[in-house]
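Each of the two complexes below includes chain A, the first together with chain B, the second together with chain C.
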Partner chain A sequence: MSIFLGAGTPARARRRWIDAGLVWGLVSLPFIVYLVFFAAPVTLIAVQSLTPYVAGQHGGVADGARLTLENYTAVFSPTFRSVFAASLANAFAGTLLCLLIGYPVAYFINTRVPDRLKPWCLVLIIIPFWTSYLLRMQGWRILLGANGEISSILQALRIVEPGEGILFTQSAVLVGLVYNFLPMMILPIYVSIERLSHDHREASRDLYARPWQTFLTITLPLTYPGIMAGVTMVFIMMTGDYVTPELMGGAKGMMVGTLIYSQFLQGENWPLASAMALALVFALVVLVLAMTGIGALLRDMPKVIRRATR
Partner chain B sequence: MNIFPREGLKTTVFATWFLLVALFLLLPIVTVIVYSFNVGNYLVVWKGFGLRWYWRILENGNIAATLANSLIAALACMAISLVLGGICGIILARRSALIAYPLSLLLLTVIAFPEIVKAVAYLVWYVKIDLGVGLIRIAIAHALFGTAIVAFVVRARLSGMDGKLEEAAADLGATPFVTFATVTLPLLIPAFLVGGILSFVISFDDVIISLFVSTANSTTLPVYILASVRQGLKGDIAAISTAMFVLMILIFTLAGAYLSRSGASRRAAMLMLAGQNDAHQAG
Partner chain C sequence: MSNKTTDNEIRILASEGWTRRNFMKIAAMAGGVAALSINGVALAASSLADKAKALGDGANLGDVLFIYSWADYANPDVLDAFSGGAGPRIQIATFDSVEAAIAKLQIAGGSAGYDIVVVGDAYVEQVIARELVQKLDHSKIPNLKNLRDQFRNLPFDPDNQYTVLKNFGTIGILYNNKIITEEIKNWDDFFRVAASKAASGRVCLLNDQPSVFGLVFWREGKDYNTGDEKKLREATDILIKDLVPHVKAFDARPVQGLLSGDYVIAQGYQGSCRHIFAQDAENYTWVYPEPQCVVWSDHYAVPTGAKNVDAAHAFINFMLDPDVAAAETGHIGYDTGVEGVIEKLPDDVIRKDLIVFPEGVLDRLIYQKVEGSNPTLRIDLFNEIKAAAARQ
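Moving on to the complex of A and B:
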């Protein structure tokens, strides 16, 4: 009987309630998971960064300790500050190099390579992305070591002393960082240039813009999303990377990450390590916002200049 | 094409630059592959060609054990990421902005958060909640990232198609779950393929988080390789790295071939597999 009554029957109504419940359960599932396994851990280290180091406790953390800012005073002590500044400078230089090296590559593949060859050019850029990080680092350690091929060239050119490599120097750290993140700069820029239709540049050329004018006023501003995606991602990842500086720079490769790592796993001072980690996050948020602002300013610069000179 | 007289010269300059960058990117990889066939005791001193170090992999129990750990963690990470990331991706693409926007911010935060900070936070939390099983720790930590990656891949795929197919199914009387299973899910197979591979590789390759959260008996292959490389370069490590490289390239090539056959251009397929979600619509 109830079959003929349609939607109003108790069975159908119950079914609809179960469906709705399931949907809401599924929608809230990711929020619950990230609350428990992401938000809670980050909150915990935020709290821990405000507790004092207690000797003899696991990680130097004691329950029910008073709150203090002493870890943050330690973070901003001259020693730590210099490492902070050095690693931000490293990441900044590395990001800039990635952009300067990567943009022409993305531009070239897009605008000068015939369609049929594009996948083959792209695959050369993507292969490192598909290769394990530690394999690539081993490669650089071979090449830059005292017996390495690149060192031999540098020795022949008298750039370094005979029998020496550039491994464990500041330059090696920069080579490693740029190398690691270059594909992550090239690919988003490539995609953004690909989305930019050829017609824009054509039109600009038809209106007698010089090539550099077309580039500055059309191509560059319109590929801004790709540039910013690449720059922010690469900058954040470079600042937090500590394995590359260690493997390429040895003792000279001290970066914030190395500092946090050693405080955490060797120094067993978790409150201080937590404070450093959070200071790093704050610094990154501020710098990324500043970079986005400066980036937007630079993007609009040609427009401003054009208006001013008209 | 030569509208400007200097165009030819410029193309040559650009091409040279591209080839130099490609050389820079591929040189260390080729170097390791070549040296892994060196039979000498010292990896960097070339003695002759042979498979000595490849046979040595089989004798090194540490490599087998850590490789097994890595595979288990990566497969678990992939499974969690596909399910949870699939749910997130559908929310992002099909639910109102009131829910989708906060979720996308949350997932972006997880992706952009410095890895070292996540590593510290996860370890402190695992100790706090007394989660002692290393492989579960690693799988969860990796899956939080993998989920976000899968979610954006799924969203990119879904936003390339409108909801009309699903609406049609609903109009024909299909319940939400029947619609999902017979319409949405099949459309998402390429996205799950890409997302699955990316989340597997992210986990399989990760060093920083694994190093922090792993326990003595859950050391993963990258953590073992890192410890080994810190001491010096070794033939068996170069050999296992090369073997994994070949495996990865094989997986990506097969996936790329599948995507090309199911309608994407070869270029778009490659970009998707390099984590460029914008290529999903273009393809």
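Moving on to the complex of A and C:
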């Protein structure tokens, strides 16, 4: 017996090593590719942001360039600060609206729509995105323009002045942002509600919890991962989006992305643009961490309150 | 090669016995009907294709000609005629800012795959200095003689060594004359009307810094290419104080916004503004403002390292043919500067006065210059202006 084992072990062990190596390689290869194609550009941007501006230089580092922080001091100009604040305000408002609309929609599809119709509801949410982005925005521009249908209704209701449109206002920017990013909010929340076992809610009901109690203490905390996924994704994308605000907001649609774009492509000031881009990334990381923290606090709030009032 | 493929494609599309010639005629008729509405040029595309064929004879012009240009800035019939007659299929990639286009060429270290690039007048010196474009072979562009004298040998490219004029134009004021009843003649009127009750909040400016800073300098007849920090900061303050509070948008194509009622007065390029008169000939007024304005021009150039240099030359030569140039001018609405183009435009073309400048206009127009204009500072200040507009 032991002889057989002894004979088999080296070959088998070698094979196991090879297999393990192959699996490792297969599993890590995409990660390495991702690392190279993600980390390399970010590193380039980071290096670029630390070099001085040289007229006519696109990318790369000028010969004999010294390292400097001057781009980062230039980033925090009054213009950048005011545009950055406006971008964040837009993204916050847009994310909040997406959540307020997206959660009930996802909840409705999950709990009120017959099973066989659910996939169709999801398709309905995604279908508009099969047409070109610009066409959809163009459609909104017509609807919201001063002579557009929506503006006419609002004019008739005396909500806006006669002859005034919604287009090129802050509200139009929000309409565009929410319209474009709503599915990113609905889908992860839908998945998290879908995963939620019906038993939990039933148990809650059996224990005489009122519907709102069930929702606040069971459903909402358990779907927290979906909410956070949606909120994070939508918030980050809204902060970076500058095309929608420009198309819908006109002069009101100046976003931090517009600034970065103008420095990269019109000012040809890549170092400053890189510094702006990285400053934006850092700010987003901090904000997303803060939001996750606040979200977790809110999730645990019912528990805390319950304990306190017991 | 590609000739043959196209022939086959046409045979598949059309019934037996159809030749390219017939097909082109039908296409010209179909195109002509649509073209008449705004272009008024219904030149038989077949005759253009024959011209292209004559150019292509005996030469191997390859399969593809890549052009890097602004969007919607060429007559598709003319492009088809070139492909049909001379051979190479034309592919157009578009940019939305010249600076971005130059940046792309620079990063690619030359052609970036394009055979022809369209460069604005103010950037010609820059692309030549950075060696992004190559010298033209004038023996392959005999039609260069067709260009009117004033558009040859321009100061930024003596003897047309690197570039050939594509077309030129200017900026002006387009407004809704039902809402703004007073007459507008100059930039001072523009500032005043913009601040009036009728227009405030519904003013549209172009989305590029030279045109916006220009408003201040043109109004006073001063050098609008200045790079002087003090003057630029003063101009910024004037714009933020007097104009920005009334601005609705920065938009390069204001026609839609005017028709939809979102703007009542706009700064615009005369070729794109001309389209409004095809839809509404009554309610809008175009002004070539006094006392000063810009003349801009776009130029064909062949990027360094371009693959299909022969086809690029053939194409430029083709565009300088008076018939081709007339078809092009009729479609895009800008004068190509080729001798005889104005005479070849039909009488029924809509608002010919927006294609061909009236007497005296050209005399008060000035070329933009980038060198010495302090573009870095200008971009910062323009962002400041736009940020101020966003805060209103």
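The working rule: the second predicted complex is superposed on the first by the 263 of 310 C-alpha atoms of A that agree within 3 Å, B and C clash if a C-alpha of one lies under 4 Å from a C-alpha of the other, contacts with A are read in each partner's own complex, and residues count from 1 in each chain.
Criterion: a contact is a pair of C-beta atoms (placed from the backbone, for glycine too) under 8 Å apart; a residue touches a chain by one contact, two chains touch by 3 or more.
Predicted model, so just to flag it, every value in this text is computed and none were measured.
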Notebook entry, point to check: Which partner, chain B or chain C, touches the larger number of chain A residues?
Noted result: B
Notebook entry, point to check: Which of the two partners, first being chain B and second being chain C, lies in contact with A:T239: first, second, both, or neither?
Noted result: first
Next item on the list: Determine, under the contact definition given at the top, whether A:N147 touches first (chain B), second (chain C), both, or neither.
Entry: both
Check: Can A:V83 be said to touch chain B (first), chain C (second), both, or neither?
Finding: second
Margin query: Taking the superposition on A as described, I'd like to know which of chain B and chain C A:P183 touches: first, second, both or neither.
Written below: first
Note to self: So in the superposed three-chain picture, is A:L265 touching just chain B, just chain C, both, or none of them (first/second/both/neither)?
What the structure shows: both
Next item on the list: Identify the partner contact of A:Y53: answer first if only chain B is touched, second if only chain C is, both if each is, neither if none is.
Entry: second
Margin query: Contact-wise, after the overlay, does A:A209 reach chain B, chain C, both or neither (first, second, both, neither)?
Written below: neither
Note to self: Contacts for A:V191 in the overlay, against chain B (first) and chain C (second): which applies, first, second, both or neither?
What the structure shows: first
Checklist line | chain A positions touched by chain B in one structure and by chain C in the second | finding: 58-59, 141-142, 145, 147-148, 264-265
Item checked: Residue ranges of chain A in contact with chain B within the complex -> 19, 22-23, 26-27, 29-31, 33-34, 37-38, 40-42, 44-45, 48, 58-59, 101-102, 104-105, 107-109, 112, 118-119, 121-143, 145, 147-149, 179, 182-183, 187-188, 190-192, 194-195, 205, 211, 232-233, 236-237, 239-243, 246-247, 256-257, 260-261, 264-265, 270, 273-274, 277-278, 280-281, 284
Checklist line | Contact set on chain C toward chain A in their complex | finding: 97, 99-100, 103, 106-107, 130, 204, 209, 244, 247-251, 256-257, 260-262, 375-376, 379-380, 382-384, 386-387, 389-392
Check: Which part of chain B faces chain A closely enough to touch in the complex?
Finding: 3-4, 11, 14-15, 17-18, 21-22, 24-32, 35, 43-45, 84, 87-88, 91, 95, 99, 103, 106, 110, 112-118, 120-125, 127-128, 140-141, 144, 147, 175-177, 201, 204-205, 207-208, 212, 222, 225-226, 229-230, 233, 237-238, 241-242, 244-245, 248-249, 252, 266-267, 270-271, 273-276, 278-279, 282
Checklist line | chain A - residues contacting chain C, complex | finding: 53, 55-56, 58-59, 77-79, 82-83, 86, 141-142, 145-148, 163, 165, 167-168, 249-254, 258-259, 262-269
